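Below are structures written as structure tokens.
Look for chain A in each of the two complexes below; its partner is chain B in the first and chain C in the second.
Coming up: the complex of A and B.
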């Protein structure tokens, strides 16, 4: 169990590319931190720097108060679960799980005991003699986690561990990982590009964009109060509706010809990004804030996603309704956008207002 | 073939049978010839069925000196050949594994220069560098020794290149997982790399063993002592006898003996090789 502190950690490649300019992160003991962002945002690089697989060019990484920058991966007392699982194909499940302990000179009986304990916890006891290729994807995933758990490390690192599984298994493993982490209480860093995974697993989320931490906070925090339009668009599915708009004299003006004007009690004046989540738009029978012309409907049973354009502004908008609905294509829907659900960002600084 | 046409089956089988005959007939002739007296072969007709001279020929070949200027028995030459072939095969594999390991997994200055230098030696087989190599071996007092037979042939660009490709195909995450598990360079080499390249090693061993076994020019050049003659080169020596009849029966018997170890290696290793292919785990 350990606290992990990243102090102005940066990564610069020899060719001059600044993958990560500078990141500060204070991870508490036992916390589950998810690094999330689109591909190329530097989340895997950051994880690999904590692992010791990439060198740290700037700043300091410390685990439990000890500087780790120069330590070999094996000396950092961490364990990593890889995207491809990276199981040793020629070793049995037990061999895979015990290899790290064997290299540390742990007694055979102790290794066997630990492997058996972890295998029992992960429901792998009957598979210990199998080779990785004789296992299903979910079982391999479990073995990879078992290999990490056997060592009883200070920190778990996960690098997109569920992306090779099918949708159903992914949900199942997601729940399992969360339960195991709670039970073991091990500090965990988890990298994913899937925002659902991020939201469901994390104690705190770090949204990365081009090497910058856009926002750090609890999943609900990020959902309810995204700090930037990037976070707003990234967290939540379907993504938040974002429009460029103008705030003037307590009025929000959409579109060039000022076709839509909404009352707004915000004192800011100037260009803004106005956002509202698809689930917060309200259908109304009477005249609403604006009209939406239906272009496509996705019926998912429990909910319906309606894609369309705002009349008069020509901006794409998504509406999410619970339960089944069957609006006509090209029909108009009157919508209300309640002001307490608005997200307003300064268009210049990209910061929340 | 998915189609089931009688004439197609007939033709394909005929081709196969013809191929087998083409390959097997000379071997058959050699076996048959070893059962006839020496003169039978020189009379113009090639005997196609066993004679009654088999016991005498094989007794001579196996237990007395090979004759025709070669004063050691066949088994001694067979042993020499075996030592050389195994020495070359194992030596090449070990050296190439180590050099490929260094080139692929370690960052050191002039790494790619080293690789290309090794690669360039592909253009310098023994035949090209035979005189300087001879001089080096002679100055090291390695003429007429097993070391002299095997050592100069051990450096191998082909094998290094093959292992380099095999190592580079190793998934990066596997290497990293081993690092996280605390496997240092030596442990990684023996615990992960070797087991995962064993099929390549087996395949290469077959090729290299046959290469070593069939060496002709090099042993011919550096051995003057009969005790170090190899089988393949002495067959030639047995043929080129100055006067008197060539003892075709003994030569054919020796040829068959010379053929056996490579055949044994191919057949023996084939099992591991195929098993390795089926078990392919990478």
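Coming up: the complex of A and C.
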């Protein structure tokens, strides 16, 4: 168990591409940190830099107060679970799990004991003699986790470990990973592009965008107070409704011909990005803040998603209602956007107002 | 799913070219050789006499034949082992190169395109005791070299010439095998505390073993049967019997010594060896070397 500190860590490739300009991150002992972002945002690169599989071009990485930049992966006392699992195909499950200990010169009996303990914890005891080829996807995933756990490392690194599993298994493994991490109390860095996975697993989330940390915080923090439109759009499903708008004399103006004007008590003047989550729009029988013309309806049983366009400004909007609803296509729905649910961002600086 | 043809003749027409080639160029000569092995024929091909197994009996009592088997075993093992290990080292290094990999690979593949006889002549000139640069350098280093007199030197020369050609072939397969190993496996092993040497022996080599076994069989077949050109252009089996491998002896006894029956009997034995190797290869490749 250890604290991991990234101090102005950056990655620059020989061809001059700055994959990660500079990231500061202070991970506390035993914390579960999820790095999340769209593909190409540098999240895997950052994880591989912590693992020692990529060199660190700038800044300093320390684990438990010791500088790690120049250390080999094996000397960092970390364990990694790969997206492809990376199990050694010619070794048995027990061989795979014990390989790291064997390389460190641990006694045979001790290795066997530890492998058996971890296998029991992961429900793998009956599979120890099998080869990876003879296992199902979920079992392989467990073996990969077991291999990481046997070594009892300072830090766990997960690189999209669930993306090769089917939806049901993914949910099951997600819960299991979280429970195991709580039980072991090992500091964990977890990379994913799936925001649901990120929200459910993380103590704290790091949303990455083109190598920048857009925001760091607890899942609910990020949901309730996204710092930038990028985070606002990325966290939450379906994504937040975002519109470019104008703030002027305590009025929010949407559309080119000022077709929608909403009263507000904000003192900011100028171009803004205005956001409201699909679940925070309220249907009203009387005349609301604006009208929405229904284009498509997705009934999920427990909730209904209604896709449409705002009348007069031609902007896409999503509405989320609990329970079943069946509005007619092309019918109009009057909507209210309560001001305490608004998210306002400065259009120039992209920062929250 | 099977495709059914309405025609009865069309399938035969489609495989006819392949069948004809096999019949005319493989089965017919092979049949001729088998037949010939039971006859004694005079040098001009005017008369022949059925002698049953006499050709074989004579062969199996001939000390030169056993010598040739020994030479072949030494030669093929030396070619296979050195060809495989050098190619593996080169492929491992090529796999690490990031820039200029194409150039490097292409250059390494060129020797394969050189005709065996030319390769032989090339090495023969390089090692010529009177004027070859390598022979002169060896002399300068205080090592005596004369493959015209010394059987060991001659063997080394043919092994070098035959190996040199085969390295390209092995290299290609090893490189493809190496590149098929997922990078994440190597990375996982690195995190598991295995250094580069350990990673090679614990992870890379076992994963390459099917390729290596396939190449071992191919190299032995090559050394047995396809090195005629190299031998003929360099030592011609000499000095004495020291580089006379089985295939070269078939040629020499048959076409120089004009003992057609004895030569045919040797061919039949060689055919049986090929058959055996094919069986071994298929059996093992499909069963043993699986992980």
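Methods note: the second predicted complex is superposed on the first by the 353 of 353 C-alpha atoms of A that agree within 3 Å, B and C clash if a C-alpha of one lies under 4 Å from a C-alpha of the other, contacts with A are read in each partner's own complex, and residues count from 1 in each chain.
Note that in this section a residue touches a chain if its C-beta (ideal position, glycine included) is under 8 Å from a C-beta of that chain, and two chains touch if they have at least 3 such contacts.
From a predicted model like this one, the values you see are computed outputs, not experimental measurements.
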item	value
Partners on chain A (chain B, chain C) - clash or fit	clash
Which superposed partner A:347 touches (first chain B, second chain C, both, neither)	neither
Partner chain(s) touched by A:309 [first = chain B, second = chain C, both, neither]	neither
Touching partner for A:3 - first (chain B), second (chain C), both, neither	neither
First (chain B), second (chain C), both or neither touched by A:121	neither
Touching both chain B and chain C, residues of chain A	51-53, 72-74, 78-80, 82-84, 86, 88-90, 99-100, 103-104, 131, 133, 147
Touch list for chain B against partner chain A, complex	171, 173-174, 176-183, 187, 191-192, 195-196, 281-282
Complex contact set, residues of chain A against chain B	51-53, 72-74, 78-80, 82-84, 86-90, 99-100, 103-104, 131-133, 147
Of chain C, residues touching chain A in the complex	182, 184-185, 187-195, 198, 202-203, 206-207, 291
Complex contacts: residues of chain A adjacent to chain C	51-53, 72-74, 78-80, 82-84, 86, 88-90, 99-100, 103-104, 131, 133, 147, 151
